[in-house]
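Input: one structure, supplied below.
In order of appearance the chains are A, B, C and D, and numbering begins at 1 in each one.
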């Protein structure tokens, strides 16, 4: 895969400064294409195998700016891997194929009773992947941080009773082996999207990965983070839009719905939408889940709690089982309207 | 409709400072509810008819902050007007009822030929409202600014031939009578959402209004802008989400899809989504249009051009007639999936 | 002044598609420079007199994206007008020269007494330009909207008594002649930065203009808005950074301090900072005013009120006279630290 | 330290729903203050020792919203610790006292020669703390990732030769002991601000910590992250503003200059500004460094490279030694203008 950056010389750069730029292009084994206007000269730099680092030109004298034209990820790009990647889970559920895969469960595993009741409810509604947090990254050090290993064991046991696959978050590199022992899919949360030590470790774990977009990260950076995992030889990565930080305060985050078709265009990795975290409000989860599917998402991550008002975290965004069952039917209808079906 | 603001005293405010706050509450004819903690005292201020202006308390000594709890619009709120407002156009098309209303046409009116070809195409696909710009607000003074009055006449003539209603933008107060003479619906663009002189004039014009959200405006501010129109006695206002400014650069703006159900919750005014401006890319218009409908939008504004590659503005986001016809069918299926139908 | 856009072809665009792009470049009288890589071809398009509109290429078949490389303003650019522009007011005060010019006064003109007391206080502290709002654009239709023409007359009378110049906002095109009759400097507020009808009218009024950056506008768009005024033959334009919309909620807006040296680099127009609106809190005005000067601002707009706690608008961000006098001395010291002096 | 949240009931919540809320307040050992208006009832919930979790009320029936009024950090707050905290480094340099402390050095340690030349230059300009990266978190897996342990050793050796203290970044929990062995100050980068495993480990390491604000994080979240470190018994924490993500693209990030006085108001921890990362452009570093000091910053982090054009990362934002020496003098003058001095 090629790369291309444009070096824009200052309005009054002289020929000596231009020569230094071209010399550097040559020294890096890249090709330079010079376009000289009456006032400005620009140099197109074309690389062949690896991304060209704009920083190598930005500090040269006479250079005004350097603009990257192509994307700085390779393995994650649809150019490199045109066909949709499909991730098949141990229980046969598939992510990235014709079906829209719904993953549901509580924000945090709180107890066996809570988890069993919730898991049974989502399974009854047709769900095949159980989500639930055992390690919870919390903004405040004084908030409930999850049950840890005990939570992982509960997830595995309850899921196995119901034939469900398990997706759960891992928050630190040293926990990767433990989480990989119990879970079918490792989730990297938004706060850890740029935690490169964790990404490398997760890339080595031999499990599918759900990688959430950081709340201040661009689509391009999300795919570069995916590249960290892919570059370890793990191709089973799904990326998840879960809302970004904007000035709007009526919802916790702003779901970047545009990112769904943008990602489908740029990458062949499956794309997931998380309407629960993106809105923070249970009454918005349904409309946004449907919007995600209509926009082309391959999967959804939805928080469901057997009794939301007793939830120890994020109760305001959890659906109760009855509401969720109605939503599942609606999601199925929307999926069919856009030529998909709901797994 | 009540209003409520909370005045938070500083940690070490004294009783005299508190008395000044309460005195001001009394002098305004409002009610004060004092909650005294061990360290902090807060005063709930409840108004009855009109919004309470937080600024009246913020500068008092001993006041830390003033937080508005309720919304600062009244006529626009669903509390005030619980039932969905339905706008009926002269040709019978309805916005805000069970149908999803698609308004389509070119970004700018360029010529009779261009407009006729485009209008015929969208009408054939089932559209009943023609959009098109005669006055174009452009970022650069050197860009094409629209045909002005001639464009308005073309819109009216071409629409009448096909039985379509016309929605078009008005950009300055003095043009309101002219635009109202030719158009069925007056559009206030994103750049003018906070142009209060224009909003008042449009409120007086006796025509339905489509009010677009400013690209740096919150949902609350959008509804306050609608309040300007409503307060002139014009209840036929629809609000339009068309993308906000965020750090993401892969699309021109970020469509705030959350705003659709948020608006449906806060107001009974019809809610429209504009996938063309929100994305700036024709290949994203379809997925985002479907997402808008799935999220609960009452209408869509879509740019269509008989020959996008010859468009004088925004050609990159315009659909060609064939693509649009396929999309209309899909929009209809998504509408049915969420218990609506497409007009 | 040249312009330059880069047309990036899709990875598998064919030679026919490339020919169509080049044909369009030729038909527009522009120059094309083709750089062909193994996978991607890019075309540099160089214009000479006017900006090249990227939209003219975006919709062509085989085109992936079009990137503008240079800025789309001309008269506002430092390339076009290298020397700093200096605006001299009727009372001899200068904006854009070696002095840092402080403009101060109340948010809104409320009464003769309030204005006289405030104006006398700021004059005593060394200020030579009185600011004050007669026409107030307010988010809510129920808030105080200013005294209008009466406020303009008060501004002129009070300023004349003290030898001050007057800067005040104009909010709608039809008011331009009236405001120009009474004020020395016309201010275009943030909400109206993209109100192009107003910009043109203000450009024709023969008065210096202070143009505030829109809260969702980029630096580039601010300079394009300035271009509207400049293109009417009015070169006395100052641009003002007053805070943009971001996700941070501890202040009303986020002052983009980076924009100050960025603007000084891009344009020779004077650059002003408004710490009052950018923070919304009186206790932050002093540090941010000093920061603005340290970053290179040519002027400051500061809200002062003889009695902030009685202010009818924005009292929380107004300084009282004593605090302001102390700040003026500090601003003077900071100005000297960066080789300026305070007017 | 108290906490306070406001539970806002829906417009038509009934008395039974109100009773459930009050029951929950009681069951948590908190106090409820009920304010009943004609249409809306709100409940002020006051906690005494630990933050009240709004989530505990958000999912209850009849609750519209829950608003946190006070901040959710305690140890980091100025209310809790009114006096400025001063961090003294082994070489006697102090952060948070009357001096403004400048920390300078290369983005990444590249070689002994590069480091020695750079360190000698910054020391000659009056700097007492050397910054430099040994572990570099890079957006792309293909970029230079730092020299690791070898880089740490070089930092220590070169700093010792010149009597400098060392600040360097640690990116993963398992590296904390190694970095703490060589560095005087541990830096947690913006990408890791919410890496709670790392924060806890760093809190336990017995070294001062520089904690950078995440590029999508609020001021409140920055202080909650500091709370993670403080809650481990480590009080030597400085927080650093280094730019946030906004829609503006002319600089890499937008320095939130308002955050400097906001932080000084909220916390007694030292506040640092990083003009290099906040702008990404060497020509802007000087103005923004001065602005930071003028706004009240206690320290600066500045990238300097003996030969910026040969830098392996971020060369475009590094100052050369001569430019830096001139800037140091200017920083000193600005510090004096605001009643500080430069260490």
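FYI, a contact is a pair of C-beta atoms (placed from the backbone, for glycine too) under 8 Å apart; a residue touches a chain by one contact, two chains touch by 3 or more.
The shown structure was predicted, so the numbers you read here are calculated from the model rather than taken from an experiment.
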item	value
Chain pair, A-D or B-D, that carries the greater number of C-beta contacts	A-D
Maximum centroid distance from subunit B, chain identifier (CA atoms)	D
Intercentroid distance (Cα basis), subunit B paired with subunit A, Å	31
Between subunit D and subunit B, distance of the C-alpha-averaged centres to the nearest whole Å	38
Subunit A-subunit D separation of Cα centroids, rounded to whole Å	26
Sites on subunit B at which at least two other chains make contact	216, 244-247, 249
Residues on subunit D engaged by subunit A in the complex (per definition of touch)	50-51, 53, 55-56, 58-61, 66, 72-73, 137-143, 171-174, 191-192, 194-198, 214-217, 221, 224, 227-228, 231, 244-245, 282, 308-309, 311-316, 318
Interface residues, subunit C side, partner subunit D - complex	216, 218-220, 243-244, 246-251, 254-262, 265-266, 278-279, 283-284, 287-288, 290-296, 330, 333-334, 336-338
Subunit D residues touching subunit B - in the complex, by the definition given at the top	1-2, 4, 6, 8, 11, 31, 33, 35, 37-40, 42, 44, 46, 48, 67, 69-70, 79, 245-247, 249
